[in-house]
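Think of it as A, B, C and D in the order they're written, each chain with its own count starting at 1.
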Amino acid sequence: MISQGLLFLTPLFPLMLAVLACFERFKKNAGILAVIAVLPALLLSLLHLGQLEATYLSMPAVLLGSVWHTHPTGMTFLLFTSVLWFFSALYGIGYHKADDKAQRFWILWLLTLSGNLGLLVSADIISFYGFFALMTFAGYGLVIHTGKELALRAGRIYLIMAVIGEMLILTALFLGSAATGHTSILAQDIAAAIPESNYLNLVMFCLFFGFGVKAGIPLMHLWLPLAHPVAPTPASAVLSGAMIKAGLFAWISLFPLGYLQSSAWGMLLILFGFVASFGGGLIGMLQQAPKAVLAYSSISQMGLMTVTIGCLFLKPELTPIVIPALAFFALHHALSKGALFLSVGINNQYQSIPIMLFVIGMLLPALSLVGLAGSGIQAKLLLKEGLYALYLPGIVTGITLSALATTGLMFRFLWLLRQERRESGQVTSADPWMQLSWAGLLLCGFLAPVMFSGNLETQSILQQPFEYLGLLWVPVIASIFAVWFISHPLRASVPQGDIIVLIEPWFSIKEASAGAKETRTKPNLLVWADKDQQPTPSATLEIFSRSQVAALLGVLLLFANVLIWLY
Amino acid sequence: MNMILSPIPWLLVIPLAGAVLTMLVPYHWRSPASVVGIFTQLMASVVLWYQVTHYGPQFYAMADWQAPLGIALRADGLATLFILMSSLVASACAFYAHAYLSLQKRAHFWPLLWFLWASLNGIWLAADTFNLYVGLELLTFAAVGLVAFASDERSLEASIRYLYAALLGSMAYLLGVALLYGAQGTLSMDSLAETWHWGPTNQVAVTLILGGLLLKTAVFPLHTWLPPAHGGALTPVSALLSALVIKASFYILLRFWIEFQIYQFLPSLSQLLGALGAGAILWGGWMALRQTHLKMVVAYSTVAQIGYMTLMFPLLVAESSEASLLAYQGGILMLLAHAFAKAGMFLAAGNLIFCTGKPDLVSLAGMSRYRPLNIFAFGLAGVSLMGLPPSGGFNAKWLLLQSSFMSGQWWWIVVLLLGNLLSAAYVFRVFAYTYQETDALDTYKRPKLSLELIALGLSVGSILLGFISVWPLEMISLPGPVMEALP
Amino acid sequence: MNWFDWLPLAILMTSFMAATIIFMLPEQRHILRSTVNLGAACIKLILIVFLIQVVLKQQYPEIRLEVLPGLDLILRADSLAILFAGLSSVLWLFTTLYAIGYLENSPNRSRFFGYFSLCVASTMGISLAGNLFTFLIFYELLTLSTYPLVVHRGNAASIKAGRTYLIYTLSGGVVLLLGVASLYALGGDIAFGDIERTAALVGTWPELMTIIFILLIAGLGVKAAIFPFHGWLPTAMVAPAPVSALLHAVAVVKAGAFGIVRVVYDIYGIELSWQQGFLFPIAVLASFTILYGSWRALQQSDIKKRLAYSTVSQVSYILLGISIFGPLGTIGGLVHLLHQGLMKVTLFFCAGNFAETLGIHKIHELDGVGKRLPLTSAAFTVGALGMIGLPPVAGFISKWYLGMGALEANMEWVIFVLIGSSLLNAAYFLPVLKRIWFNPQQGQWPLEVINNNRDAIPLLLIPALVTASLSIAAGLFASSILSPLGWAELITLREYLR
Amino acid sequence: MDTNLIFTLCGVGLCGIGFFGFIYHRHLLRRLIAFNLIGNGTFLIMVGFAQRGQGVTDHVIQALVLTGIVVAVAATALGLVLIRRWFQLKGSTQLPEDDAS
């Protein structure tokens, strides 16, 4: 009964608070509402973490018969999502102290939150789709909150990609529900029915690319490196930590995992995953803004999760083992990435804190992400363990090597933070809310294996030191390269969103060009900087022409097609 | 039958007596006397209707003088329906005129009206061809007098044209009747029908009669006299002329056509009549669309509407009794609906012109705001004329359409539908003018409420006819010479 | 005759009486006029509720009057009739409220409200018509009574729009008349639901009956604004906002769509139509209209014009649903009849509020309106999201059923039409929403009417909010028995069981 | 050739001349006279019919012709009144040519 009440409140409590936040009274302090909004979700997830029995709340009159539930995997997701939103909101209270548009921000925050939490408890695709859309479209407001030119551009691309994604998803849902013989709208039934569908490949395609927009798979990732950095820092944290996982969660609930063995789809996903993982790392290392680096790191990490899902199409029987590990990996990434984003906001606000403590605080989540500390160790080990069970050694090696990219990204990130600190020079006193939430998130990330592992069997690293060595060797090699790079600064850079700069002129919106014809510089994918580190148009070099990119995309799609049809 | 008990003589005697009386008594007494007369007329019509529906067709010989020298009268369902129609419309127009005209004018109006009424009743009830001639001529004189009543140049010119056209028509008719008498030795409709044979004399006679009646009915292309006469006369007169007077010659034509079964023997002539009707519909509609004066629009609309009535002739085909019956019903219903609608429309138009003081369309701007009730009346009449449901006009067109389908003459369907659009175009053109909001503030005169209500009443009548069409159709289906002669 | 047989007539007469009384009232009797208007609307709603009770018991009130020999005027309430009558009467109430607020201090209200009531009376007649002849009568009456509303402003633009409106609708009416008359000539008076008679006729004259079908659909398609006949709808935008609401949501386009529903389901019968291959061309035409309307909407810079093209597109959803053979598609089409009405009326109310309160007519003037008129903007947002088809707004439910129905009928390509249209809908609504909520205000409002409220005046605001809430409720509680979806399912059940 | 035919032929001739005059002339009085000619022709034809019996005249026809003559006289009188009035108003003896109608 309590569970059902909490289930009901999980998405609706934030929604009600959003309405409340509209009132004049909450003009200044709507942030408080955002903090308490996650409480039902937090409570629910803690109550149900690790329980295999699901609780159902069915509302036959609502929509087409809505059913909400506490799915075991969903609870892990719900847990880190609510934790991350909680601390980010706390952080935001400080961050938006002087913001006169804060009320609007918090209303949208609550709406996005409601969507994000709701989709995690939805058992039927209609409410799932509804919450997903709510999260997506309210999230737009978070992205463009600052109202600056860059933010608006990012928002525009976000929106376009999001709408395309929504439409792919809707197609998939139509076909999926039809596959059940129009009898069920429950996600689990649909997942089971998809292999029998006449349009199996179309459904898979739509699901993969539709939710891939959120999850940032290659080609669908274009918005991500633009949107994550321009949003206000707390929003960046939840975007990159929690909302990005909505795509993954959707895959887990709607892909016919365990029902479908298809090496074509498996290989395709693995391919896309590794491209994301390494490509994201490579491009991320050529970024100029710390948040952009983090965004590419998210793409890279999501790539690993995509690989894992892909493996499950090769060996469907192991789904029950791998999925919890994957969920834990997502949890680890969310908390670590959230902490990293939050640290950007307090980069030079460490007055009255011992500098060492601060540096450790910065380092800890980075190490965790590389897999050398905190939740990272357990997450990586669990994932690898699962994949070993699949007898796919090559893929494990690939995942191990991906730490190379992650390490590089973390170095780049910390390096850029340091640069930034040096340039601004001034150290101000931090807002207590921001510090508190940052610290809280760090703590959660560090203690996650203990607190949040649920019924996963985690072993302390102290009991298996050799495993740790296995995790260690790649980052060490990477560090050597990285140190060399730091002493020989790279002069190349890639604009945020990489190939988007080539595509953008094609679909420039009429409204945008309605104004005065601004002179557009020729878009370039790779920019070589001058010695003074200031990239100027005169010194640019275009390495990929637009047509080449188009050709590349075509080849990739063709490849995907061939794979699909071959198998 | 006793003269006192039968309403038929009253229908002739009262108007004639009224005409004489209103010529003689002082001005102030003429209106009250006429009002009494109108009520007796209405009562007589209703009594006749009662008798005909309950006891079948009625025959009456004036002063018991039998044919051929006496005046024989008969009232079958068709005649009774027309008596009722003319009584209602003429009374409405009379009351309108009473409110509309000055005392002086009114005093001269009454005798003419009563003559008109008498001749109409005479025509509806006449049982022999010569009485029809007398009725036609008397009608012409009264109508010409009424047209000239406005006593300005335009109406005078119109009345002269009208007179000449009418005289020519009557003379042709008379010649035809004379030839018929020569061939068959009788004037009575019934005997003519019984002894009818298609000799050359009869053919010439029929041609002459047809020509004369077409001219008097203003069927395209013999319509040129009509628009100036109907458009130029005073408002109540226009209404009377358009609603009733042209129907008289049409009525005679109809009776000849069916009772002597001309349709059976001259199918190509039927098609010719239909073609004339189609021409009238299209040309009349087109011309109405191009007029700049309100009453001229309405007058040309009459030309077009006559075309619809004429369309019933080609649809009366011997092969299909069902199609013929539908066509007959459709034609009569069209005639009835037109009588009410056109009277209502002319009266409403007259009110509008009275308001603005100008006869042209452009000065109607803002009228729909200033006189909504009147515009509404105009609109309702327009609905019936356009043949839009629910209205008598629509039902009539529906019947004609069905008849065209039945007899397989699809080309009339095209004409009917095109005509619909054309009439909609000219009615709504007027409407658009009344909705215009011009900045200039004009001073409007305000017509009496009774004037507007009478116009509205007639228009509502034409709409109401759409709901009670069964009743007049039953009426004309009562046994009578026309019904017997239908296939 | 049972007592309830008089209900359809009573419902019809309520509006007629209201119209008559209002025409008689002098211009300055505003309060009395509003009372009559609202009173009639409420009485009608109550009567409809009675009617629903009766129809739920599978009793179908009927009253008939012989107009011509062998031809009856039939008023009959079946479940489909209730669907449309219920929609119109609910929306009429709010549109009346809105119109009272909208036309405050403007001239010619007597004329306006008179024709307004007449218009709704004809809509009631259309919904309760028991045969094609009755339908035709009220269909034409609707044309006539909306014309004065379209040209209400009396300026050159509205007169011109009125002319366009008439040219389209009267021509459509003539084509419809031709179809109805030919059908009558072949088979006599065919009541709605008497599909066996039609089936026999199709057996005898297959070609003729095909031509008649085309005539009927083409005639009705003009009001339903199917592709080549949609031109009047955007032109008629010059009319006042409540009239636009009436045209787009409550009465006119719906009358066309409803007529097509009647022809397909109750004259020819869905199965026969399917066997004869009538449905596929409609589906193609509807799909094309959906995409074309959305595409044109994208190019408009005037708010109401954009909404108008959106209607062109959305109404064809209904037709698409009709042309999909199978219960799910039918449900989708029928339910969209209601949903589109609710959502579109909301959008027009809001557009009217923007225009009335701030003088905003163009989309680029909407920058920052969300701050100035938050509630109106919220209602607009609900309507727009519904049009895109996002749950829980009602539009999603229709789209879902249409998609499911298409798959059920093996018409997969329809999915892509739906998706494409949603994409285009998003493309023309989302930038508007962005302007409303996120763009800063640019200078002064074009023509601000100062009032003491934070938002538009209550009479304009409340109807918009109520219809917005109804659009959400219709979607959110779609599976409850009283929802539009529930009723559409009931109709479909009865239809397919036959 | 019997008298009957002579009457008829004369009548038809008169009618023809009258009809020609009616169409051809613009002068209002001439047209009125032309109308009277037609009328007389018609009456002549009718009187011809009346002679058809063997020396017995048909009273009906005579009555009709008599009535017809009265009517024609009345019509002529009405026409004259109107023409006079027209002449007073416009000073013209013919109607203006109206191309429109």
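By definition in this document, a residue touches a chain if its C-beta (ideal position, glycine included) is under 8 Å from a C-beta of that chain, and two chains touch if they have at least 3 such contacts.
If you're wondering where the values come from, they're calculated on a predicted model, not measured in any experiment.
Undergrad: Between subunit B and subunit C, what is the gap in Å from one C-alpha centre to the other?
TA: 42
Undergrad: Averaging only over C-alpha atoms, locate the centres of subunit A and subunit B and give their separation in whole Å.
TA: Measuring from centre to centre gives 85 Å for this pair.
Undergrad: Distance between subunit C and subunit D based on Cα centroids, please, to the nearest Å.
TA: The mean C-alpha positions of subunit C and subunit D differ by 67 Å.
Undergrad: Among all residues of subunit D, which ones touch two or more of the remaining chains?
TA: In subunit D, no residue touches at least two other chains, as defined above.
Undergrad: Is the chain-to-chain touch network here best called a line, a ring, a star, complete, or other?
TA: line
Undergrad: Name the touching chain pairs, please: which are they?
TA: Applying the touch criterion to every chain pair yields A-C, B-C, B-D.
Undergrad: Which bits of subunit B are touching subunit D when the two form their complex?
TA: Within the complex, subunit B touches subunit D at residues 68-69, 130, 133-134, 137, 140-141, 144-145, 148, 153, 156-157, 159-161, 163-164, 167-168, 171, 174-175, 178-179, 181-182, 187, 224-225, 227-228.
Undergrad: Give the list of subunit A residues in touch with subunit C in this complex.
TA: 22, 60-65, 104, 126-127, 129-130, 133-134, 137, 140-141, 144, 147, 155, 159, 163-164, 166-167, 170-171, 174-175, 177-178, 182, 199, 509, 511, 514
Undergrad: Within their complex, state which residues of subunit C touch subunit B.
TA: For this pair, the touching residues of subunit C are 23-24, 65-69, 71, 73, 107-108, 110-111, 114, 136-138, 140-141, 143-144, 147-148, 151-156, 158-159, 162-163, 166, 170-171, 173-174, 177-178, 181-182, 184-185.
Undergrad: Show me the residue ranges of subunit C that touch subunit A in the complex, using the header's touch definition.
TA: Contacts found on subunit C: 328, 364, 374, 385, 389-392, 396-397, 400, 403-404, 407-408, 412, 415-416, 418-419, 422-423, 426-427, 430-431, 434, 437-438, 440, 475-480.
Undergrad: Quick check: in the complex, which residue numbers of subunit D touch subunit B?
TA: For subunit D paired with subunit B, touching residues are 15, 22, 28, 31, 35, 38-39, 42, 45-46, 49, 52, 59-61, 63-64, 67-68, 71, 74-75, 78-79, 82-83, 85-86, 89-90, 95-96, 98, 101.
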